[in-house]
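Below, subunit A partners subunit B and then partners subunit C, in two separate complexes.
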Partner chain A sequence: MKGDFREKFGRGLVLGGAWTVLAFLILPMVVIFPVSVTDQYYLSMPKDGISLAHYAAFFTNEIWLSATAQSVIIATCSTIFAVILGSLCAIGCWRLSTGLSESVRTFMLIPIIVPTIVQALAMYRFWIDLGIIDTYVGVILAHTLVAIPYVIITVSASLANFDLRQEQAARSLGASMPQTIRWVIVPSILPGVLSGALFAFTISFDEIVMVLFITSRAIYTLPKRIWNGIEDHLDPTIAAVATMLIAVTLALLLLDLWTRHRRQQRLRAAAAEE
Partner chain B sequence: MAETALASRPEPQSRASHSLSIRSLSKYYGSLAAVDDVSLEVRQGRFLTLLGPSGSGKTTILMATAGFVQPSAGEILLDDKPITNLPPDKRNFGMVFQGYALFPHMSVEDNIWFPLRVRGVSKSAAAKSVATSLELVQMAHLAKRLPTQLSGGQQQRVALARALVFQPDLLLLDEPLSALDKKLRADLQWELKSLHARLGTTFIYVTHDQEEALSMSDEIVILRDGKIEQQGDPVALYERPATRFVADFLGKSNFIRGQSAGGDAQGFRVKAGEVTLHQAGSQAADQPVLIALRPEKLSVTRARPDLPNAIPGRIAAFNYYGSTFHLQVETGALGDLIVTVPAWKCEIDPAIGNEVWLGWEPDASVVVRDN
Partner chain C sequence: MLASQRHTYWLLIVPAVLLMLVFYIYPLIQVLWISVTEPYFGLQNYEALLSRPLLHRIWLTTLRICAITTIITVTLGYLVAYAMARVGERQRTTMMFCILLTFWLSVLIRAFAWVMLLRNGGLINSALMGLGIIDGDLPLLRNEFAVIVGMVHFMMPLAVLPIYSNMSGIDGRYVSAARGLGASPWEAFWHIHLPLSKPGLIAATILVFVFSLGFFITPAILGGGKVVMISEYIQVSFEETLRWGQATMLASSLLFAVLLTLALVARFVDLKKVFGAR
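Take a look at the complex of A and B:
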C-alpha cells in the first residue's frame, strides 16, 4: 500500500515536472499570437478587437520582404555548403576511423562549444582583413562554419548504423569510390543528411549574434530586422513575423512526419501485396 | 527437390573460367600473423573451400583476394596476371558476404541491377540479365520487394544473384549460409553446388562448418592460425587426416596413444598400455604413435568380434539422434571411446552399464601427427 502511494506520488511529480517544462517552452509561443493580431500600434494584447493589419504590413513592407529574402538566400546557401562539407568530413573520418580522424571529428565540434560571441568577435576581426564584412559571402561563410558541426553529428550518427560491408559489396560489384558514395553511402545516410540540413537551415535562419557583428547596412537578415524593430518602435509586425515563423516551422515538421508516415505505409502495403 | 527445380531454370550465358594463384601470402596485424605464408592454387572451375576455426585467417585470405586487405607480403595472380595492387572494383570478382550486405534502400531488382549500372548499363538494357539472374535463384516473384521484406534465405539468394549477374571471373563466398537454420542451409548447399556445376565459375568458399565443406567442395584447405594445415579433396582429407588437428576438426575422432612394435607387410603393432593393436601401414619400431579412429568405423557387438582389434567395455553414456546412436564406451585400457552406430541396425541394447565389445579393422584407423 505504502509502496503504491510512493509510486503514484513519484509519477505525479515526474508528470507535473514534465508538463511545467512543456508549458514553459510553449507558452511564449502561444502568447505571441494574440499580440500579433492586436489593434494597437505597439507590442501589446488586443484591446478593442483583433486586426490583421500587422500581417498586411509585413507583406506590403519592402523592408520586411527584403529581409526575408536575404535570410532565405543566406540560410539556403549556408545549408548547402554545410551539408556538403559536413557530410564529406563525417564520411572521411568514418572511413579512416583512425585515432587522428577521431580527433579531427572532435575538433570539428569546437564551434558548438566556443561561445558564439567569442566566435563573432574573432570573425569580425578576420572578416575585415578578408574584406568580406557586410557581404553575403561573409555571412554565408560564418553560418556555414557554425552549422557544419551539427551536420557532422547527425551524419556520423547515421554512419554508425551503416554496415561497412555494404561499401565493400559495392566495390566488389565494380563501383568506384565516388559511385559508391553517390549510390550506396549517401542514400543510406540520407535521413542523417536531411536532419543535418534542417539543423543548418534553422541555425542560419535565426542566427543573430554573428550577423550583428559582421554586417552593417547592406545585409539585413530577418532576425536582425526583428531586433531593430524592437529597439526602434516595438512594432507589432514583429509578433506577426514571429507567428508566421512558428507556423512555417510547424508546417515543415508536420510535412516531415507525414512523409515518414506515408513511406511506412507504402512499405507495409508492398509487404502485404503478396 | 532443389535439384529438379534447378534443372528447369534458364541457362545463363557460359563464361570463361579462371584460375587463381596465391603465392606466399602473409598479413600481419601488429605482431599477429593473421595469414602466415600461405600458397594456394585454385584451378579454373573448381569449388575450393577454406575451412578452419574462428580466427584462423579464412576471411583475411578472401578479403586479400577481393582486394579489401592489403597483403603484408606475397602475391595474388589471376590467370598468371598479378592483381595484388588492383583496387576491388577493378578485379571483377563476385562476392557474397556473411550478412548478405544488400543495399537496403534498393529493391531486389535494383540491387541486382547495381553491378550492371556501375558498368554503364541502363535499367532497361539490364532488364533481361536481371530477370535471368533472379530466375536462377528462384526469386523472380519478389523482384519489387525491399531487402528488409525478405527472409534470410531469400536475402541470401538475392546476394548470390547480384554477385553473379555481371559474370564475375571468380565468386568469393564468406560463410554465406551461417545465419540460416539447418534445414534451409542444407537446401541452399544443394543449390549452390549445382549452380557451381552449371555456371562453371571458379568458387572460393569460406566456412567453419566441416559438414558444409565436405558436402560441397572439390577441394578443401584446412587453415589453422593463419597457416595451411592440410589440403586435398574431401574424401582424402576425411579418410587420411595428416594431423590430430585435422582428424579432430573434420569430423570426430577417437585418439589412442601408443608405442610402435614390430610389424610386417600388412601393418604393424601398437602397444597401448596392456593392449596390443593392429594398425595398417608401416612404422619403425619403438616410436610414439598417435592413432585416430573415426567413431563410425568401430563395430559394437555383444560377443567378442572376429576382428584383429577388439576390446571390451561398458556403456557410460548414449545419445539418440534419430538416424544414429552415439555411445560413450569405457574401455579401461584405451580410455573412453566414442562410437556411432546406425540406430536402425543397432545390435546391442544401448543402456548405460551394459557390457559390449568394440572392434575394428587395422585399416579403419590412421596414424596422425600429434600437434
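Take a look at the complex of A and C:
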C-alpha cells in the first residue's frame, strides 16, 4: 500500500517537525538550570561539581534583593490600578453597548499597537515636565497605562458570557449600582478579572524599555538589573535569577491548568447530576 | 435604561479614559509635534529619512529582519498548530504547555539564554568543539542570525495561538470528503485545509510583523550593537546624542509604519479579532 505508507510518512514528518520547533522553544530554558548551579565564577556548565553559590549571591546581595522588592511593589500597585480602572471601563462599555462606548473600548486598546520605544520616549518627555522621572509614581503610572488594555480584553471576554438579566434582576430587587457590581457582576466575571490581573502583573514585572527611559538611579527594578548584568559582564547570578523566574512561571502555569481542569470536572459533574 | 443609569455607567468609563488621554495620548501627540518643530518648524527632520544613507540602511535592516522573522515564524507556527490539531488530548496539552510557558516567560530571560548559547565559548560553540566538528568559535552572536533566532523564539506563541484557534474550528469532514473523492493527502491539504485556515494564518502574519517592527530588547541584546534596528537607533539617538528632533522623527515614522501596515490589512480582516478584542 504505497499511499498508506506516504500518509504515515507525512504524518511522522509533521509530528517530528512540530516537536523540533517545540524543542527549540524549550531548549534555552532547559540549559539555564545547569549553568545556574555551576561551580565556576563565570557562565559555564558545572565542571567539578555543582554549587549553589550563585543562588547564595542573589539572596545575600542587597542590590539584587532591593531590585526584586522594587519590582514587586511596582507590579503590585500597577496591577491593582489597572485591574480596577480596566474592569470598570469594560463593565461600563459592555452595559452601555452603544456605538460610542464601542469606539471608546477600541480607543483604550491603542497601547497594544504602539511600539514600546515610542511610548517610552513620549513618557520620558512628559514625565520630566511633571517631575515624576525616576519615581515610583512615574513607573507605576506608565505600567498601569500599558496594562489597562489587557484587563479590558480579558474582562470583556468574560462579560460576553454574562447574562444581562442577572444584573437587571439585582437592580430591580433594589440593589444599588455599586452593590450590583460588587455582588453580582464581579463574582461572575472573576476568571476574566484574574487573568487580566495576571497579565498586568507579568507586564509590569518584566517591563524594561520604559524603565530604561523614565528611571535613573533611585528606581532599579529587577529587569533593569538583569539588563545591566547582560550588558556588562554576564554574571552567573543572572542564571540563578532566571532559573527562579522560570520556576515561578512554571508553577503559575501549572496552577492555572489545574484550576481549569477542576472547573471542567465540576461542570461535568453538575451536568451529570442534572 | 434610564438616562440617569446611563450617566452612572459612563462614570465607570471616564476615569480610565481620562488617564489614557492625559498621560498616554497627549505625550504621543507631543512626540509628533516635536518631530516637526525641533529645531524649527517644518519637515526638515523627515527629509533625513530620504537623504541620509545611514537611516536608509537602518530601515532596510529593520524591514528585512521583520520579513524574514515573519516568514519563518508563521511557517513553523503553522506546522506546530497543524500537528496540535491532529494529536491526542494528552500530547496536545503538553504541546500547548510548551507554547504557553514560552509565551509567559520574561523576554529578557529568553534573550539572556540565547546569549549563553550563542556567544563565543558559549554552550553551542563549546559543544561543537568538544565533538571535534569545528576548530574555532563560529560567529553566532552579534549578527542578524542571532537576532532572527531570538525574534523567532519570541514571536512563535503569537503565531501558533491564532492559527491553532482557527484550525481547531475547521470541520475535519471537509478534508475526509476530499480524500474520499480521490484527492491525494497533499491535494486535500492544499485545496481544502489551507484555504480554510487562511484567517488564522493572516492574523498570525499581522501580529508577528507588527510586533517585530517595533521590537527592541531582543535585537539590542543579540545584535550587540552590530545589527541596529530602528527601535535601538531611537534609543541611541536619544541617549547618546540627545537629538530630540531626530529621535522623535524616527519614533513618529515607526508609529506611522505600524499604523500604515494595520490600515492596509484592515481592508481584508477584522483587526479587533486579530488582537483578541472580540
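Here are some notes:
Quick note on the criterion: the second predicted complex is superposed on the first by the 240 of 274 C-alpha atoms of A that agree within 3 Å, B and C clash if a C-alpha of one lies under 4 Å from a C-alpha of the other, contacts with A are read in each partner's own complex, and residues count from 1 in each chain.
Convention: a contact is a pair of C-beta atoms (placed from the backbone, for glycine too) under 8 Å apart; a residue touches a chain by one contact, two chains touch by 3 or more.
Because the structure is a prediction, the values reported are computed rather than measured.
Applying the stated contact rule after C-alpha superposition, one finds that A:165 touches subunit B and leaves subunit C untouched.
By the document's definition of touching, of the two partners only subunit B reaches A:183; subunit C does not.
Within the superposed three-chain arrangement, the count of touched residues of subunit A is higher for C, of the candidates subunit B and subunit C. Looking at the shared chain after the overlay, A:43 reaches subunit C, while subunit B stays out of its contact range. Those residues of subunit B that touch subunit A in the complex are listed here as 66-68, 87-89, 91-95, 97-99, 101-106, 114-115, 117-119, 141-142, 144-146, 148-149, 162-163, 166, 172.
Those residues of subunit C lying in contact with subunit A across their complex are 5-6, 8-13, 15-17, 19-20, 23-28, 30-31, 34, 76-77, 79-80, 82-84, 86-87, 93, 95, 97-102, 104-117, 122-123, 153, 156, 184-186, 210, 213-217, 221, 231, 234-235, 238, 244, 247-248, 251-252, 254-255, 258-259, 262, 272, 275-277.
Interface of subunit A with subunit C (complex): residues 3, 6-7, 10-11, 14-15, 17-19, 21-22, 24-29, 31-32, 35, 43, 45, 85-86, 88-89, 91-93, 95-96, 101, 104-119, 121-126, 141, 144-145, 148, 153, 156-157, 177, 202, 205-206, 208-209, 212-213, 223, 226-227, 230, 234, 238-239, 242, 245-246, 249-250, 252-253, 257.
Contact residues on subunit A toward subunit B in their complex (touch as defined above): 163, 165-166, 168-176, 179, 183-184, 187-188, 190, 267, 270-271, 273-274.
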